[in-house]
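Shared between the two complexes below is chain A, which has chain B as its partner in the first and chain C in the second.
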Partner chain A sequence: MRKDISRSIGKVDNREKSSGSAEYINDRSWEGEVHYALTLRSSIVKGKIINITFPSAREDVHIVDYRDVPGKNFVSILEDDWPVFAEDRVSYLGEPILLLCGPDRTVLEEYRSRIVVDYEEESPFLTLQDAVEKSDPIVSYTIDTGDYAGASEKAARTVKETFETGRQEQVYIEPQGVVAEYTEEGVVLTGSFQCPYYVKNAVINTLGWSGEKVRVIQAVTGGAFGGKEEFPSLISCQVAVASVKLKKTIKLIYNRHEDMEVTTKRHPSLISYEAALDGDNRILGVKMDVKLDGGATTGLSAVVLQRAMIASCGVYHFPAVLATGGVYLTNTVPSGAFRGFGAPQTFFAIEMFMNHLAAKVGEDPVAFKTKHLAKKGDATSTGGIYRDDILMAQMIEEVKKMSGYAEKYRLYSEKGNPRGIGMSLFLHGCGFTGSGEADHIKAKVYLERDEEGRVHILVSNVDMGQGFKTTMMKVVAHSLDIPLDQVVFNNPDTKYVPDSGPTVASRSTMIVGRLLVEACEKLQKETGPARVEANYSQPDYIKWDQDKMKGDAYPAFSWGVNVVEVEVDRDTWETTLLGAWSVHDVGKAIDDRIIRGQVDGGFLQGIGYGLWEKMELKEGRVQQATVTDYIIATASDFVTVENKLIDNPYALGPFGAKGAGELTLIGGAPAVAAAVEQALGAEVYRIPLVPEYLMELKKNG
Partner chain B sequence: MDKIEFTLNGKQVSIEKDGTARLLDVLREDFSLIGVKEGCGEGECGACAVLIDGVIANSCIVPLGNAQGRSIVTIEGFSGTARYRVLEESFAECGAVQCGFCTPGMMIAAESLLNGNNSPSEAEIREGISGNLCRCTGYNMIAEAVALAAEKGKGLW
Partner chain C sequence: MVNAYPRTLKDALTLRAEGRRPMGGGTDLMVRFRSAAGVLPRFQQSLVFLRGVDELKNLEERGDLIAIGAGVTLRELCESPLIPVVFKNIMGQMASFAIRSEATLAGNIGNASPAADSLPFLICRNASLVLTGQRGDRTVSVADFITGPGKTLLADDELIREILLPREEFTLSFHKKVGGRRSDAISKLSFLGEARREGNNLFDLRIAFGSVAPRIIRSEEGEALAREVFSRGGNTKDIEGFYEKLITPIDDQRSTAEYRKTVSLNLLRRFMEKLREQ
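After this line comes the complex of A and B, so read on.
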């Protein structure tokens, strides 16, 4: 099948998904008796658990709590601060205290409603501002490249602004779910997972067992977007403990309300920028600070913060950068992974800041941005090097043509015009930040040819809707020059697949795909049935100093430009989308249509982040915990997007491919916010741009 | 306990159960029709959509009692039809399926729409599927797939 690899083919799992026969975790049947699990949660925001009074014991209700944990009672992520079950204290509303397990859900619910927990309440931090005023960050970093102090001394003027972004909920349409089976060989966890080995390692830690006794299988996964990166480790540990205690199959499926109340969200942020400009209105340097609300536990926040800070320069080259940042804990639902992973917050801020600077110095925003674009050979924010061609100037021209940007921008600049058009420029570093791939992940893949000549892909990365199965099968079929139906890629099962790392960080296609290409080269040297492996090794020119945050933070970058056109209703302050355009450089698409799917979906999530998706907490309780209250777009809210891909093959990617999954979300919010600014004739500093905020902006001039 | 009789995917069925039970649970648990998904449980996402006498309904907010004497078609029943095959092909051709959790419900929505209007405009398509949430696709490829199906399936609807 040696054609242009980008030519689209039908996805391998279309049929089972369309016909409803694909089995998601809640659809499977299980051998033997199944016990359902229901979670008892903290009903207060912060305090000590004094006493728990249970209704009289019943044979068909089993209680599983921290005392049943044979190993360590925390979820192994980065820090050991996320309890599997609360012990003597709780630190957010909805924190899990124990599981009730039994064959009848109605009985469990009734039993749960009669449990009484006595607490001694303590005063919590309810907001990021609160935590910033009264506490120290639990993790902080500094990026210091060039000489910002010198730049600001030389500057003709400095400009400072602050920005704020809210929580965002993933709203994968399939809620979280996991099943633990107790077997002779150990415990088997099957579920809706992005990262089977994260689950495996977390369960090993919590059970205190050896690795062979814990097996993890990914069920068909109904969307994830980061929401099924670390959170499934928590619920997997819980059901694993229950399964081992009761020697039963335990099934835990969240309903939507529970899912929205207690699962991880995108980190709220406070971001400030200061720019030092010379007499010709060129930026000599920027000083940036980002504060993230980590919620009640550390989780992955440290890495999210790194990404947010490394993105401090956006797509621009500034001679001097001083970026500081911290994660603060609050007594709120934990923040965690969400497509973009810290970058969407920073890109909203830097893109708005650049627009505002352009307005201040009286230049056109796109012209102002263009003159600061990073070029090949320039230093990155962390003093690494942009080694590959950067095609942004060409991409900007392209998107202008597609959208009629210049003409519309001029037209909508007239005072009182209810319409606006905005452009955002963005990038995404592909793969784990810094030395993550080389030091922590150390990806390994297997490729196996069986008796019949079929080739099996054995990797731990999952298809969660993004088309990873089809993508990797194409990579292998093209590399070996065999038909696609000779390639087999089953859902990962840790009994058979090595740890090729998690399905995160826009790494799977670029890193794992590349390893599969290497494995194909090895397999071609073998005849008959054979198994080969390939292991990741970092190119030696990539150097990273984690303590100083210096060097090449990512081996490659993907790039994008978005344009959004809107109309703002001056009575209701509702924003309506009129048009959306995108141009992306993802190296080389392994499948054009799959990438278009990533672009359309990511773009809408990004626009939603900027426009509609508001999740507030009041006294620690999520106020929008249903899809009625939390607004994600319907088909009628969105418009057909015109997309274009620019080929810019990356030497170390499979067939030239770079990451694409997260990139597509990042530009949506700043593009729509820029459009709203023009329509409104007022500067925007906060997302989401809900009608109340627009009204307030207009009122305050 | 009530005795409820209805037609399910073309077959006459009867079940003894509390009439207030959610039709969604009955379909999934008593009839093993797992293509009917629960995305929200409150009538907002359309993942649980079925056809009741040819019209789309969210089975998570339909009490079993309402099924009495009606004809219910789930994705499992619909997937045996020529109309379904055209929709499936069009969805594949347009890249309208990502995680797939919304897809069976989208198929039912498309059938319900095309049944009433066999050559819908883009706006009508968007309106017709606006009761079904999809978080993966951004809807464009789904809207294109429905338009393509209307085109390809001329005479079927």
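After this line comes the complex of A and C, so read on.
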């Protein structure tokens, strides 16, 4: 019998990462002369560019702007509204206007400081509230499942609450960076990427070139969290244009401050919930509304909104759901992809709402939640079906045992006790929403056996520290029953790898891993050197109507339970973590320790989102634009997480695996917020729960 | 820009007199003058790097004083048996291990930030500085040395040579740094209260607030009032009322004025409660 695949092995990149030999994009050296690029940015929030006055021209400073774009001057995402370079107007502070390129960065900096841009300023929308009052959403959806009107008519009571969440910054290890090399065959882009083919397609669009002439290579990537999903396409288009114009290698590296000021953030949200309850305090239906702040461009906001709305029911089954949502544009830094993709906002709201409802009807929150849990065979929020076993009841029992939840909850309920304990229940749909995998991504993988019998994994998904290489190499080694060192997985290079889709949406292990298992089956039928491919096909039972938001939004769901225990200091209103516990169902861990890494990091990032990570804009400018002022936790702020994995193999995942990348973040904020509520003895409707806010809450009752 | 790496104090002073700015660990300077990625910091002045000057690395008892050379790092102080525990705890909460391994106490003073975490302690303990220049040495108290945010009495040809810390005993030292997180955080505010109480006799009481005014707040009048309130078992509200006027914080990206003020006063109250309970 083969050994259990979940047994941890050392990550294949451990040595290069821990010894410091891994070369991130800024560590690499390049052949020939390198020109650096610096970005001239809008210094106003919104308006027309009237005139740009440059210092006298210099041979070692080259200007690259929208007029140099041979193809289309926008980043190809969903809508064509994100300019590669601003033309005659700017719509947020820090919007890129042009690049200065040259061999000496000090010269470029000095030159940039003397450029004068004249604007005609216009009055902007600085907040979501502002945009909601004065504009229409740029996209909106409705989910209408069951009969909410009927439910609310029958209801014994209805309860309504509103929630608010802020921005979050990814703080990946190395800031954004990309290098474009100009070669005879075309342009080669190397950078810190999550989605090499997104970059390739964007550059093709902007250069107006054919695909063969654009090659994209992923450099070692130290974390991304969604921040390297769509943003790298923008800067890659910029350096590609510069490289083609100047016929030079162009290197663009952000420093941390610039990165924090101008790259995409998690969407701020306003979420309202209304529940219709019957005489026995059972929820007959919910009505919810999500408003997202898209920042200055549409970007991926529409898809983020879909996720936020599909999560409307949390882990519960409500007979009727009426969810509406819209994305509003404001003149602020673009919002974009971030681990969880709309779900963390909604899960904060639904979990707090359920706690508050329980309190209103005088029930224990966990008991109240448990009686509403979705079960196998129930309809999802979009009228699809939960087809697989749901083990939440068992997982709740497990986490209660691990954390001593019941005892502590009782103790901390005493008035004036500075401690609190909170539980959150959550899920995450794995893979692209709806038929995205089949209609848009159409993933393809290659597997190749070479002369020496080594097997090469050829996919476009990346390891960005999450352990994807190790995970896929294990999947292939186990499937073919060969030693791990016979498997090769190099960083993706679009010259060699097919488009197996982006490294996002908790899809890579489940979807791409599964395709590799299929490819292994094919390869086993071949002898000697051979290349096989596998292509994604959607299970027949998945039906999705995008316009109506109806049907099976995801082929599978991963599930989780978090418990957080805190103490709130009554003099300083600081929250100290005392304990953190979690139980997850990710199908089957391909590697226990790698999942453990996702749990530790995701949980902390989720708690940080709920507790510390405040990012405010003042007159359109990010106030916390350094790691000094933006409070991501350090090791000394966290506690050791006690985590348990429950096996619940998914038939279509490799070895039963489902997604795990985003799931682990989602429960952090609602769990810590529930704990803080108990410690504080006051209800919470907004995150992050920074001490300043807790003080205000307590003071104003 | 040519930077200089002297090995002796004499050379350091010569270079200093040429108009170079002293650099200790550089953990303030390098950050303050940072530039675009891959571009060297843009210092406005040339530097004299003090790390190589062994004469500045002294750390010893000298009569009633502890003398701390300007080249001694925070980490070395945290690890030294000569340094009072309360001060070690304060420094242990500054920056992070890596930064503390480079940063000097002299640099923290020289930076003269209202948020510098060593200052409430040094000022509470009446620490002084030996400043040395080509014309010789002079001694100034830390309280006088810092005249405002980023402003000091340091003359253009002078260096901080050492910090002199009186050796004193207190029965209660209550310190609290309030930052956004436990390491690598700049203080939103900080509080230090120290007292020597034996039975019902209160021999000494000192109070300092950091980060809530242009300078560290320490007031003899306030401390006298606190002693008096303590002796008659009075209400701490009076003391809070007194300090409330001195605490003039700002709103910034790290916190709000209201929070800083309220929490400072809460900590003062907590200190007085602790003193009573002692």
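In this text, the second predicted complex is superposed on the first by the 700 of 701 C-alpha atoms of A that agree within 3 Å, B and C clash if a C-alpha of one lies under 4 Å from a C-alpha of the other, contacts with A are read in each partner's own complex, and residues count from 1 in each chain.
FYI, a contact is a pair of C-beta atoms (placed from the backbone, for glycine too) under 8 Å apart; a residue touches a chain by one contact, two chains touch by 3 or more.
It should be emphasised that the depicted structure is a prediction, and the values quoted were computed from it without experimental measurement.
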First, second, both or neither for A:E692, with chain B first and chain C second: second
First (chain B), second (chain C), both or neither touched by A:Y172: first
Contacts of A:N255 with chain B and chain C, given as first, second, both or neither: both
Partner chain(s) touched by A:V84 [first = chain B, second = chain C, both, neither]: neither
A:A180 touches, of chain B and chain C: first, second, both or neither? neither
Contacts of A:S636 with chain B and chain C, given as first, second, both or neither: both
Chain B versus chain C as contact partner of A:V564, first or second or both or neither: neither
Comparison of chain B and chain C by chain A residues contacted: B
Touching partner for A:A22 - first (chain B), second (chain C), both, neither: first
Contacts of A:I666 with chain B and chain C, given as first, second, both or neither: neither
Footprint overlap on chain A, where chain B in one structure and chain C in the other make contact: 26, 175, 255, 257, 627-628, 633-636
Touch list for chain C against partner chain A, complex: 34-40, 96, 176, 178, 180-186, 253-256, 258-259, 262-263, 266-267, 269-270
Chain A residues within the chain B interface of the complex: 8, 10-11, 13-24, 26-27, 29, 170-175, 220-225, 255-257, 464-467, 593-594, 596-597, 600-605, 626-628, 632-636, 638, 640-641
Contact footprint of chain C on chain A as seen in their complex: 26, 36, 38, 105-106, 108-109, 175, 177, 253-255, 257-258, 570-574, 612, 616, 623-624, 627-629, 631, 633-637, 690-692, 695
For the chain B and chain A complex, residues of the former touching the latter: 28, 32-42, 44-45, 47, 74-76, 79, 84, 87-88, 91-95, 97-104, 107, 122-123, 125-127, 129-143
